[in-house]
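Here the structure comes first, spelled out in structure tokens, and everything after it is commentary.
Labels run A, B, C, D and E following the written order; every chain starts at residue 1.
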Amino acid sequence: MPALPARPAALSSRPVRWLRRNFVVLAGLATLAYLVLPNVIVTVFSFNKPNGRFNYEWQRFSTDAWTDPCGVADLCGSLSLSLQIAVWATVGATVLGTALAFALARYRFRARSSVSTLIFLPMAMPEVVMAASLATLFLNMGVTFGFWTILIAHITFCLSFVVTAVKARVMSMDPRLEQAAQDLYATPLQTFLRVTLPIAAPGIAAGALLSFALSFDDFIITNFNAGSTVTFPMFVWGSAQRGTPVQINVIGTAMFAIAVLCVLAGQLIGGRRKRS
Amino acid sequence: MALVTDKTPAPRATRRTAARGGKPTPYWLLLPGILWLLVFFAAPLVYQASTSVQTGSLEEGFQVTWHFATYWDALTEYYPQFLRSVAYAATATALCLALGYPLAYLIAFKAGRWRNVLMILVIAPFFTSFLIRTLAWKTILSDGGPVVSALASLHVLDVTDALGVTEGHRVLATPLAVVCGLTYNFLPFMILPLYTSLERIDSRLHEAAGDLYARPLTTFRKVTFPLSMPGVVAGTLLTFIPATGDYINAELLGSTDQKMIGNVIQSQFLRVLDYPTAAALSFILMAAILAMVTAYIRKSGTEDLV
Amino acid sequence: GIPPAGRPDGALGTSADRSARERAVAFSSWTGYIDAGADGKGHPTLDDFRRRTGIAVTYTEDINDNVEFFGKVSKQLTAGQDIGRDLVCVTDWMAGRMIRLGWAQRLDASHLPNAYANLAPAFRNPDWDPGRVHSYPWTGIPAVIAYNRKATGGRKVDSMSQLLEDPRLKGRVGLLSEMRDTVGLTLLDMGNRPEEVTADEYTAAITRLRRARDRGQIRRFTGNDYTGDLNKGDIAACIAWAGDLVQLQADNTDIQYAIPDAGYMLSSDNLLVPRNARHQRNAERLIDYYYQPKIAARLAAAISYVSPVAGLRDELAKIDKELADNSLIIPGEAMLAKAHAFRSLTAAEDKAFEAAFSELTGA
Amino acid sequence: MTATAPTDSSSGTDVRLTAISKSYGAFTAVHPLDLSVPAGSFFALLGASGCGKTTTLRMIAGLEQPTAGTVELAGKDVTALPPHKRPVNTVFQSYALFPHLDIYENVAFGLRRRGIKSVKKQVGDMLDLVQLGDFARRKPHQLSGGQQQRVAVARALINHPQVLLLDEPLGALDLKLRRQMQLELKRIQTEVGITFIHVTHDQEEAMTMADTVAVMNAGRVEQLGAPADLYETPRTTFVANFLGTSNLITAEVLDASGETLVLRAADTKLALPRARCTAAPRAGGKLLVGIRPEKITLAHADDAGTIPEGRNRVHGRITASSFIGVSTQYLVDSPAATGLSVYEQNIERDSRLVPGADVVLHWNPGHSFGLDAAQSIEAGTDAGEGT
Amino acid sequence: MTATAPTDSSSGTDVRLTAISKSYGAFTAVHPLDLSVPAGSFFALLGASGCGKTTTLRMIAGLEQPTAGTVELAGKDVTALPPHKRPVNTVFQSYALFPHLDIYENVAFGLRRRGIKSVKKQVGDMLDLVQLGDFARRKPHQLSGGQQQRVAVARALINHPQVLLLDEPLGALDLKLRRQMQLELKRIQTEVGITFIHVTHDQEEAMTMADTVAVMNAGRVEQLGAPADLYETPRTTFVANFLGTSNLITAEVLDASGETLVLRAADTKLALPRARCTAAPRAGGKLLVGIRPEKITLAHADDAGTIPEGRNRVHGRITASSFIGVSTQYLVDSPAATGLSVYEQNIERDSRLVPGADVVLHWNPGHSFGLDAAQSIEAGTDAGEGT
């Protein structure tokens, strides 16, 4: 329900009432500010022109880095690699995790609690340990480290996050809708695709977003299983050791902006289409 | 009616049981994911378990000697870090809940067409590497920076110093900074599941509560919050568990007195090269988390969620 | 169980060298540790190398931390597998560990004429690789004391005693998480020689550091990320690596450094050919290439670290006069006399010292 | 349009809607509408599905912000007040039971919110009243549809609000239970003096329980009045057709001079008291003559001679008959109008009255009513009433 | 108990339930129950709220696993078949519309699932049928309650399934629309030959539409038969009271020898044809004599002399009267029984028939029925019927 417009009723103290009424909005926006504040700094420093190698101190305004975002060797290569991995890891983890979440939320079966525990543990396992043990596994299997090992590692640790996020949503879904679908000749698969999935979509989207973010931003596990492949966080981490180039701020800012603009554009187009 | 009931929790009795009629569906759903976890998680886990009861050195190699004492030694030596990790993670989780709930609520009920935009603002910071963002926090919280100066002049830091969460009128390299960092880093993990469960609540239930004399705050306490419990539980788990094992925030924002168990494991594994201790610590951590999570879930009456 | 990592040199045999057939070499190093082209792309010295020798270098900046790198490749090396890299650059103690474990190929001196001739005396004989049988230094890294003049109120900080005991620096001192640099400087300040450190001396130094820590003197033990703190003044004074300082000073004139009277620690990053590398011969040619003063000067000018190549000054002066006079890049005799290096440790010592140090750093 | 309940509407008015309207985007669910409901009265809102009844109730409860207009409760403008500050309770059409609370707590909700501590007795009584005493600890999803609806009623009723809004509160109940609940509602209403605004599809319910009935059509109130008045003298074809069944016969006015109008439909002469005609009759003009099916007596054509004088009579032929429990419904086609409907109570059936039989329909002219012929004759019937 | 529709039940049976039952924990919602519904018939399920109607339907649809027993469709045991493999569609009591799909897609859902590509015409027709053509692109939450219900009906109906289960499909509709939808349903049912199983609270609906009606009570079927049979000769007090209103008078059997039983209630003699008595009468034993309110004629005590011979007559006094549209209901207390209910069609009102008036109730003995007096006289009435 939209907040009611203020009415000229006799109010004892309007500001207080206004605050009370809009408390949620204000608190929410404050949290949002907290979340994006560091990005503001990152953005500001993407326009810096440092004298030396360190982009810590504001020197002078420049768009040099913006005009040449790939100006640092390997930066854009690592970025595209990270994006590819993140996309595939998201797909993999979301598919596997959603299936698991559904099985857990919708069915009773033997070993259900053991399965839950198995799904929980990866979240509880310190990254470095998971990283090292996975590396050992790959080594024993004789796999060459690179894209595929990174991908497998990412899917493994994203899986649990997807399950948890999706399950919360599926648990609160009315099974009668699925029953109605089945009653209307939808096979279990169709029921899933046409009814369950769209309704559980926000949960799945949340899980997928988490996966994407986790995968895109992961350093430790990637580092152990990457061989000599370099992903974006590895690149950032590495360059942070000797001073991050401004381009990293540019990429960070651009990624942020692209994500927001895409959604914004979709919103506007969708809004216009609805109106017409 | 359709819409109301579609938001009510699933009638349990109508859920099909796999046992009856031998429906294989759940097993098909489980199979790929479980296989995946067995191969890529459980198998390495067994390997780590064996490591934890080995003794030896890098040069001579490590042999399984069933040396369980490692667990005890690790626990006695590093229990402060364990306790600290739990305390920090719990505080950060509580803060995440307190900060994240209004935002999730805002997105779910008040954002209207800006919903997706706000959503993406929550998640987009991930696209800027955590390292850059954490470094940005150091810039923001820097000792001579405007934030700290402001806090100092408002005497906030006097209070926090007295409480022991900050030291010497600075924020960086104090527990406060670490907890704030954890909160910041894991906030989206709280907001997303909260949002997804809030979004499902039928606004008609709010209306019914309002109609029955519940003030907005009471409506929240008695209706909204209980109905969002799945999200609260999922969010706290997604926040608390990784936060307990985190080491980045303590590393970058804390000092030596704020090291968490993640730092210890990291250091044992990489620096000291004491693999058995590292593995033992990991298992203690996992067991502790599992125990806490189980207790929490029991307490919050949401066994079904996990 | 985990198999023993250490095998006598060559026990697993040397893989057949394919250098003749494959004109390639894979080189893993640290980020920003090589020259970059004018537009920020490419590495001119590597391009030159290819032009001259026809050997293409796959240059990867995937080493950020010695221990991490060790953790990453140790499993493969233990298993006797090729790690896909022909040349790696690691800090001396790690190089020592890898050599001790038999994970570095013995280099063929006959393939390294320039290197043999031009290696600066100060780097010739580390105790972890006597006679440079397995390794050649890439850069020298002096660990000195740096401070932010603004943050210290204009006071100079030039000794470990000040760092550890001056109450005016309380909570604003940064130490390095590299055990050898931090403990080494402390040992020097206590009148001990890191080259011959005993367990007791080490314990004493750790005790002193711990006291400082418990007083709240020390803010953080850091890796390279001290630079930001120092730059902002959150850290007033710290132990710092010289190469960073040259860069920091370019942005912030308040950053100063001091060479402690008691001496400073000089470590190095070293090029190793990992066991079973496929292109040892090509790697050796690359090492030798960088030991030509002209090439070394280009490198030094780009990364501002101490060059291990003798006779560099003239070539460097041709590129940048000012750099050639910077004693952090070309240390003079007096400077070199104060340099110290940490003795190489046995495996047991290594473990014990690291454990004590990591306890100090809180983890 | 303006509609005011025919009661003193100054001090005694409890709910007053002034020019209230509601639009969803381009769609207007409720057109500007004035309505006042006297305090303590039982007010029923009737109307076709989708005509805006729920929307109107929701605006009174404060759950929907009106697009325009104001809501007054007991003389106080509450348009800007949030729902929890209005002394109004609602039984929701969709129940809106709290899924996380059991039945007991659902019912106790309102009392607890008003800070009442000892709710046990009241809740127990209320649950007994809706015959759900044994189900107190069940969750809503464990109840049948009708049981859920009863919980919704109990949850609102227990608060004894100043105004109770009931949105089809008994729709999911079987006839018996519905009748019983109706009596209970009525009893509570009179005892406690609550103002009831009741939306129902059960016309009998509206007729028996309400003091005043408003008939809504497509977002507007068409007529408002006491149940019997509405039934006996509908003012529009919609009301005539919607409230029970009406046979409407288009007739030409032959003589509009006297107290009794004389009309002609086909070859039949019909009489209609002028007082029972809402349109202004004009000789030569047209009128609709309405007559309720139960007011018509059916005589076999053979018995036409026995029909008393002074009654309107129409000849026709039975086309269909169906047994509906208490009575039998006959459909009769006549030259004057087709599909005339007649109810005959099932006492002794005249076995000649079967489809195909020629019959005479006759009724007392005082039972018929006249309507403006300009309206759609089918408004409010199955065919004429859209959504 | 076993209940079989009085039709050939071998080849022509479409739905057959054998010893089917359902328990939720300790609570038994449906007791073991046998039922067969002939193919192509219109079968109505009546019963008090919470008696297990929805549960029974859900077991037929395969949405609820029976605790015991089997379900056969067209002679095939489908107990283990999932819902989508059963040629059955359901109109859910709670609608269960897909909230993420618009009305059009909701209705098209079943067709699309069966791989039908060009659904446009069919969906359009179906939406027109339920009068929602203009709402095709709305989402369910933008509709009123009745509109949502119509979507639910359309969504099931469009599939022309072998068996259609309707769970109060018209409960949220106003009378007019309900009548019209009833006709449409009936038309489709006969045209397409679908078997309908229809749960309703509208007894008139059940009576007019169904070929066979089953009356359920607390998880069991009490009686099953053609509507008129059920109404005219109920076999239990529950059925007598639940299906319409019955006046039940406890009477002593004076003479059980002839074709007509002679009974006595208080000081009144009553006659009852033996054929209309389900219990075995025994002289000196007790019986319940039932008579429907509309079968009773009310005469003022002053007119007692004009009552023809051969009718049962009971003296009493009017305690209440209420106007219910077509007719007026009177409550009469008499020495034989209190609270007797009488409906008089509103033709010409006898102005003397007001509360307090002494009256004579009289009826044709052939209209009354006899029941076993061992049953609760109030079963199925408001007071006697619990949940």
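Keep in mind that, in the parts below, a contact is a pair of C-beta atoms (placed from the backbone, for glycine too) under 8 Å apart; a residue touches a chain by one contact, two chains touch by 3 or more.
The model shown is predicted, which means the values in this text are computed figures rather than measured ones.
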> Which chains are shared contacts of subunit A and subunit C?
Replying inline: B
> Which chain pair shows the largest tally of C-beta contacts?
Replying inline: A-B
> Which integer distance in Å separates the CA centroid of subunit D from that of subunit E?
Replying inline: 23
> Once you find the CA centre of subunit C and the CA centre of subunit D, what distance in Å lies between them?
Replying inline: 92
> So what's the Cα centroid distance for subunit B and subunit D, whole Å?
Replying inline: 57
> Residues of subunit C that touch two or more other chains: which are they?
Replying inline: 68, 71, 225, 228, 232
>> Can you pull out the residues of subunit D that are in contact with at least two other chains?
In response: 82, 93-94, 142
> Can you list the subunit B residues in contact with two or more other chains?
Replying inline: 1, 3, 5-9, 11, 13-14, 16-17, 135, 139, 207, 227, 247, 266, 269-270
> Taking the complex as given, what residues does subunit D use to touch subunit E?
Replying inline: 24, 46-50, 53-54, 93-94, 131-132, 134-135, 142-147, 150, 167-168, 171-180, 183, 201-204, 207-208, 227-228, 231, 241-242, 244, 292-295, 297, 322-327, 343, 345-348, 364, 380-383, 385-387
> Tell me, which parts of subunit C touch subunit B in their complex?
Replying inline: 1-6, 67-68, 70-71, 100-101, 151, 170-172, 213, 216, 218-221, 225, 228-229, 232-234, 347-348, 351, 354-355, 358, 360-363
>> For a test of understanding, state which residues of subunit A touch subunit E in their complex under the given definition.
In response: 174, 176-177, 179-188, 190-191, 194-195, 198-199
>> Using the touch definition from the top, list the residues of subunit B that touch subunit D in their complex.
In response: 1, 3-5, 7-9, 11, 13, 202, 204-205, 207-216, 218-219, 222-223, 226-227, 229
> Which residues, counting only subunit A, touch subunit B once they are in their complex?
Replying inline: 1-3, 23-25, 27-32, 34-39, 41-42, 45, 56, 95-97, 99-100, 102-103, 106-110, 115-130, 132-134, 136-137, 152-153, 155-156, 159, 161, 163-165, 167-169, 171-177, 179, 188, 199, 202-203, 206, 209-210, 212-214, 216-217, 219, 232-233, 236-237, 240, 244, 248-249, 252-253, 255-256, 259-260, 262-264, 266-267, 271
